[in-house]
Amino acid sequence: MVIHGPNLQLLGSRERHIYGDVTIKVINRELQTAARVCGIGLKIVQSNHEGKIVDLIGAASSSFQGILINPAAYTHTSVAIRDALAACTIPAVEVHLSNIYKREDFRKVSLTAPACVGQISGFGMESYLLGLRALVKLMSGN
Amino acid sequence: MVIHGPNLQLLGSRERHIYGDVTIKVINRELQTAARVCGIGLKIVQSNHEGKIVDLIGAASSSFQGILINPAAYTHTSVAIRDALAACTIPAVEVHLSNIYKREDFRKVSLTAPACVGQISGFGMESYLLGLRALVKLMSGN
Amino acid sequence: MVIHGPNLQLLGSRERHIYGDVTIKVINRELQTAARVCGIGLKIVQSNHEGKIVDLIGAASSSFQGILINPAAYTHTSVAIRDALAACTIPAVEVHLSNIYKREDFRKVSLTAPACVGQISGFGMESYLLGLRALVKLMSGN
Amino acid sequence: MVIHGPNLQLLGSRERHIYGDVTIKVINRELQTAARVCGIGLKIVQSNHEGKIVDLIGAASSSFQGILINPAAYTHTSVAIRDALAACTIPAVEVHLSNIYKREDFRKVSLTAPACVGQISGFGMESYLLGLRALVKLMSGN
Amino acid sequence: MVIHGPNLQLLGSRERHIYGDVTIKVINRELQTAARVCGIGLKIVQSNHEGKIVDLIGAASSSFQGILINPAAYTHTSVAIRDALAACTIPAVEVHLSNIYKREDFRKVSLTAPACVGQISGFGMESYLLGLRALVKLMSGN
Amino acid sequence: MVIHGPNLQLLGSRERHIYGDVTIKVINRELQTAARVCGIGLKIVQSNHEGKIVDLIGAASSSFQGILINPAAYTHTSVAIRDALAACTIPAVEVHLSNIYKREDFRKVSLTAPACVGQISGFGMESYLLGLRALVKLMSGN
Amino acid sequence: MVIHGPNLQLLGSRERHIYGDVTIKVINRELQTAARVCGIGLKIVQSNHEGKIVDLIGAASSSFQGILINPAAYTHTSVAIRDALAACTIPAVEVHLSNIYKREDFRKVSLTAPACVGQISGFGMESYLLGLRALVKLMSGN
Amino acid sequence: MVIHGPNLQLLGSRERHIYGDVTIKVINRELQTAARVCGIGLKIVQSNHEGKIVDLIGAASSSFQGILINPAAYTHTSVAIRDALAACTIPAVEVHLSNIYKREDFRKVSLTAPACVGQISGFGMESYLLGLRALVKLMSGN
Amino acid sequence: MVIHGPNLQLLGSRERHIYGDVTIKVINRELQTAARVCGIGLKIVQSNHEGKIVDLIGAASSSFQGILINPAAYTHTSVAIRDALAACTIPAVEVHLSNIYKREDFRKVSLTAPACVGQISGFGMESYLLGLRALVKLMSGN
Amino acid sequence: MVIHGPNLQLLGSRERHIYGDVTIKVINRELQTAARVCGIGLKIVQSNHEGKIVDLIGAASSSFQGILINPAAYTHTSVAIRDALAACTIPAVEVHLSNIYKREDFRKVSLTAPACVGQISGFGMESYLLGLRALVKLMSGN
Amino acid sequence: MVIHGPNLQLLGSRERHIYGDVTIKVINRELQTAARVCGIGLKIVQSNHEGKIVDLIGAASSSFQGILINPAAYTHTSVAIRDALAACTIPAVEVHLSNIYKREDFRKVSLTAPACVGQISGFGMESYLLGLRALVKLMSGN
Amino acid sequence: MVIHGPNLQLLGSRERHIYGDVTIKVINRELQTAARVCGIGLKIVQSNHEGKIVDLIGAASSSFQGILINPAAYTHTSVAIRDALAACTIPAVEVHLSNIYKREDFRKVSLTAPACVGQISGFGMESYLLGLRALVKLMSGN
């Protein structure tokens, strides 16, 4: 499962100097292509609702083998998503389009990363593809 | 009214070394039994959505006499739930399964407790039953 | 578009010593009257859901010319609403009924204000009317 | 064993707007009544001396099955009592008359709570009775 | 009475990317026009001296019905002006040309705002006009 | 009642560059002389025990009309003494031999002063005499 | 020399619940009376200007034998007055009408006290009289 | 160029519960293999010397097209390496074997990451391989 | 003189994973043996009372030549013991069984160490023996 | 223009162990001599008034080519002088007699330095002469 | 192995009021003498290079049975040395000549101590000899 | 002796918007010229190694009369260089090309400056020349 957090539906029009021109559609298409190459299926969801993301993660263990998540703004404020990820029995990988270390101080704190296997940030769309590769590796028994 | 906050639907499977083996169903059944003994009715709700919990509390004054709430992760991040509880004209009691003082530093801060009559934490399912007893006492004019 | 944040549906009954007796209906009626005088249309929404507010702001650019928002409790906790406002291409004005500088320390921090043109706080219902006037001025090319 | 910390001998005359009118005698009588109902014996002590409380806890394991303690002011300053509770092999429950989250900032920090099973605060005399119930439950093998 | 704080005599030439091209003369003219429309008289003063501003506020109650003040740099450092405003028996409104939330961290703290009815910031010259309107409303019995 | 806190029995031999050559005997004699002049009786106690000082203050209301206290080291660490003073219905005055603002940072925080009428520090033995005068004034109805 | 800091000209009308009903005239008259009893002359000045107070202290050594100062708001913000006092070769005593430990946190920090011999706070007008007595004692060779 | 920071020569024997059993030799071999697949050459260096790493980065622009660096302990303490990376005209990618968000607080601060394009942490040896892939992508014009 | 602080009477039964199996009796016997070898006499005291320890130190100068102290929990909270040690004219050595740097953050702060000659921590019973050797060396004129 | 900040009129008599024996007259004479050598004119002002210094800087652009300023105590407290310097279109150089890094912590923060070209501290009178040289260099087109 | 950290080559000439007159030669000779008495061999190294010290510790396990280290300035800044010590399979003891608790605040933090068995500070050369004794005890199976 | 710290070998190519176009060669040539004018000899060294810089300073007293140092990144992290400078018996002057007050917060802290006579920052190459002049003045007996 791939989860896009809040405001990511706006990619491509939102603050391009930070996030670039790539739209969420393009990212999803690239992820689907890459997944097909690895022989796995992907369910991709975008939500602006913290509670919805908690619902999705809570239910993920029964249907999926791993979670690729960009919690966006909730990275820095959501203990609920952190707890959902910690409660989850499948591996999760956190990705960010921008390098969170180059931005405002409050973006340097990640509440969710300690509940993931690892974090990848700063490579734009490539962060997602690297995250998918890492997840596939983890699921295959690394 | 009893409100279970985020991720509590997972009780029994979630991080058992912290939360134990009891499921939310068992807690609800015990609460209903205890309520029946006291001669009161209970409405029990679980939600992962901060906004939903704010809705419920905002509407509670007209139909209920007290609120028993485990805000879980939102204890530490939600000013909105705090404000809803403060705006509420019926007494509220905050409960926690685990002893929040034994965990991460950010869990030692409760934004919601100052808007409740009191707080009970650390006794597992028993926290809920003690909270119910405290609430009944408060409603009966203590 | 006018967005009322969490717990504002309770105005008039909620903590009157802080928020006064005015209800949200009265505020909305006054805003509509003032808008009619300026010859503009208003859509007014109230929501307790952070995600819903993010949805609304994300979609606002295509249908509206400006946003008047009282983020209430989310002022102090929501990076998601801040990011939504920053991504938005129309001007936004933040208003507060009470003077946030006279209250608890955590209410002195506004996460959302840096993503707005400006902020008005402390004048009760009048804060909204001043905010509307400021927004109309901004939309008319100030 | 029940331990009342510093200044609790003054209950009923001390700052009634915070602590109410109940005296320590009334609390002790109610505790004895409740203990008798549960079929257990209680030793109740009040002391203003940190060292005395450390002595009592250090010796408790050999004669008692549990500790109900209101450390009062020492909650926030005594590492010695914390260490005594941590060294103790019987369960301890911490109670407070007032809701410590509604008071000065320094009262929100509890040094002793992490060494107890749990904490109950804000219900006046009822905090003690709930604490006793929790303790009995713990001793009976919960 | 309208009080312009330190360095505001330089408006129009000072850091235009922050404060814009409007000069203090233009602001004063617009304020006088707006005041005339409301049928009130205005005394406008600019001073770089904290002590002078304290003098003015201390003497204001006897001759004026309200204070519109842009404390500029003293917003963030002057307890003396805060105390003067708090001692004052007529309402005061604080205004800022720029959005203080978008600037250096030390500009996010306002020592003077808690002693005013409210604060308006970020709308350039319009901040003053909105502030005047708010003040007139307050004086007329809002 | 006059209470000397911990280590004050050593005055005259202890760190003379800070506390001077005056012994506690000399201070007590001067206090008795001054009290006699004012026509009041004094009980003077010195204790190194926090609990003892709490005992004394707790019992003071019934036998004395005011408390003159130098809490010494406990000034900076004792919430118990603060609570005892706050619970006390007679006025208390806090005195210090040395100027606590000239010493280590941790000595600038006084936990006990907010529970006293006022504080006098820095004048050596004279601090006690000034404190006695202040107390007499307070008791005589100032 | 006696120096009254900012806003003290308003005493008696300013926030009476904190500062009481006594006016600065009454304080000055009482100080003059007390000084006459001690056989010394007093020059009394009030200023709202930090720079003026620095001027006065800088020039004091040549004409006076001691300084009695209530720096009021400047207590908490003025390094300049602190430096002036430190540079001064005659003793200075700091006084406050209210107990600064009972008020806002920023009033607990005194920048000026470390440059004085001692500090007296919380006794209303009596603080000045005690301060004068302390100063006379210091000048007479204590 | 690949740079392994301090203590990485010990991999495989050092704290295996954190870093796993993989040795630096194995990592280097896997990196060489992966590089060969991509048709690029790799120079791999390990050093415990901050100054040596600064030397290497300072000289890298002239001979290499990108830097893959695991600064290890220097991540959290070296402004010198940060400045070297910032001065460097070729892209750099920071990798970590362990998830730095799961460890001591001081390991959550990265001084070097803001001077890199992005950061990958938590995937063991796979962090390096993902980092290499990210770097190749960046060099190929992403 | 050797002073054992609070809870040390429980050694051997208290949290053995931290403090080991050695009892206070064994430590005292070893200390007496070592002292006899050095030809000196030892008085050994254990107390849970801060005030008692202050009493002991205050009286030590007249009867002893040095103090070996394990202030245990009071290390981190007692300004009174610090002041007693500072007032003392004989050398003091502070010892700890466990390595205080490996434990909770609040145990890394030692209020008492600055008033001792030096500190030894982390070697179990051996800490005492090393401390005794250091003290003997100091007393013999090092 | 050369601006001497508060208390500098006292140089030579003020705290000589920090500021040395040189008087402001000697510094001014040396500055005039040095200026004459460089063929430039100097206006030298000393003021204890923050507002006066703001006035001077605000008016400086029209008559001078550069500002040499020792803001003394205002270095650490004056946002108003910082803003005046930032608004100023001619270069400013900040100088200090003493090494501000060797003194109290609050003197390590310079509010004014970010609005100057550079800062020179610690060389006594020589700081001024070096500052003049730097300023002349800057004015001559460096 | 004995490791002397940065600047210790200067002992005897460096800041004697802190470090005394003893030179590193004398310390080394005393250590060798003491080692000979214990029947063990010592290798003693001094280095100003953090990387060199990391190299030495990394290689120590294979040739030595214990490490006696005075990390000097690196105690407070080197995560790399901490990690090296933590990775090391032989016991390490940290020693300091001066009492680090009596010096600047930044010297109270030890990054390296948590990776050692224990720490000894404040006894001058004797710290080394006590450390050696502790180490020998540890190696002999304590 | 002149010491250039880390990354300064890159001057002219490194981040020119901060450091300008001047290369280290040009700076060295200008320094040599200026030194020749003063009739003194200069040894100039650049090193990226903290340990090397500590070595150089430690050995400087025997061959040189003063140290001109730009510690660059080590300014903010090196206690070792601070200690080396403090141990040094010849005067040292710290210089910086850029104004460290205009940059990241961590660059506002100088660990090394308190061990120097003074600091000069913000004048580009001119900082070095002013520093040399200051040093020459100091060596000639200022």
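Labels A, B, C, D, E, F, G, H, I, J, K and L are assigned to the chains in the order they are written; within every chain, residues are numbered from 1.
Note that in this section a residue touches a chain if its C-beta (ideal position, glycine included) is under 8 Å from a C-beta of that chain, and two chains touch if they have at least 3 such contacts.
All values derive from a computational prediction rather than experimental measurement.
Which chains lie in contact with each of subunit B and subunit F?
Common neighbours, subunit B/subunit F: D.
Identify the chain pair with more contacting C-beta pairs: D-I or F-G.
By the number of C-beta pairs in contact, the winner is F-G.
Of the pairs F-G, I-K or G-J, which one shares over half of its contact pairs with H-L?
G-J
Compare the two sides of the subunit I and subunit K interface and say whether they are made mostly of the same residue numbers, over half shared, or of different ones.
Same-residue interface.
List the centre-to-centre spacing of subunit F and subunit L in whole Å, with centres computed as mean CA coordinates.
Once rounded, the distance between the two centres reads 54 Å.
Provide the C-alpha centroid distance between subunit C and subunit K, rounded to the nearest whole angstrom.
So the centre of subunit C lies 62 Å away from the centre of subunit K.
Give me the residues of subunit K that touch two or more other chains.
Where subunit K meets two or more other chains at a single residue, that happens at 49-52, 77.
Hey, which chains are touching each other here?
A-B, A-C, A-H, B-C, B-D, C-E, D-F, D-I, E-G, E-J, F-G, F-I, G-J, H-K, H-L, I-K, J-L, K-L
Please give the residue numbers of subunit K that touch subunit H in the complex, ascending.
Touch residues, subunit K against subunit H: 49-52, 54-55, 58, 77-80, 82-84, 86-87, 89, 111.
Under the definition above, what is the set of subunit J residues touching subunit L in their complex?
99, 101-102, 108-110, 113-114, 116-124, 126-127, 130, 133-134, 137-138, 142
Going by the contact rule at the top, pick out the subunit A residues touching subunit C in the complex.
5-7, 9-10, 13-15, 47-52, 72-74, 76-77, 106
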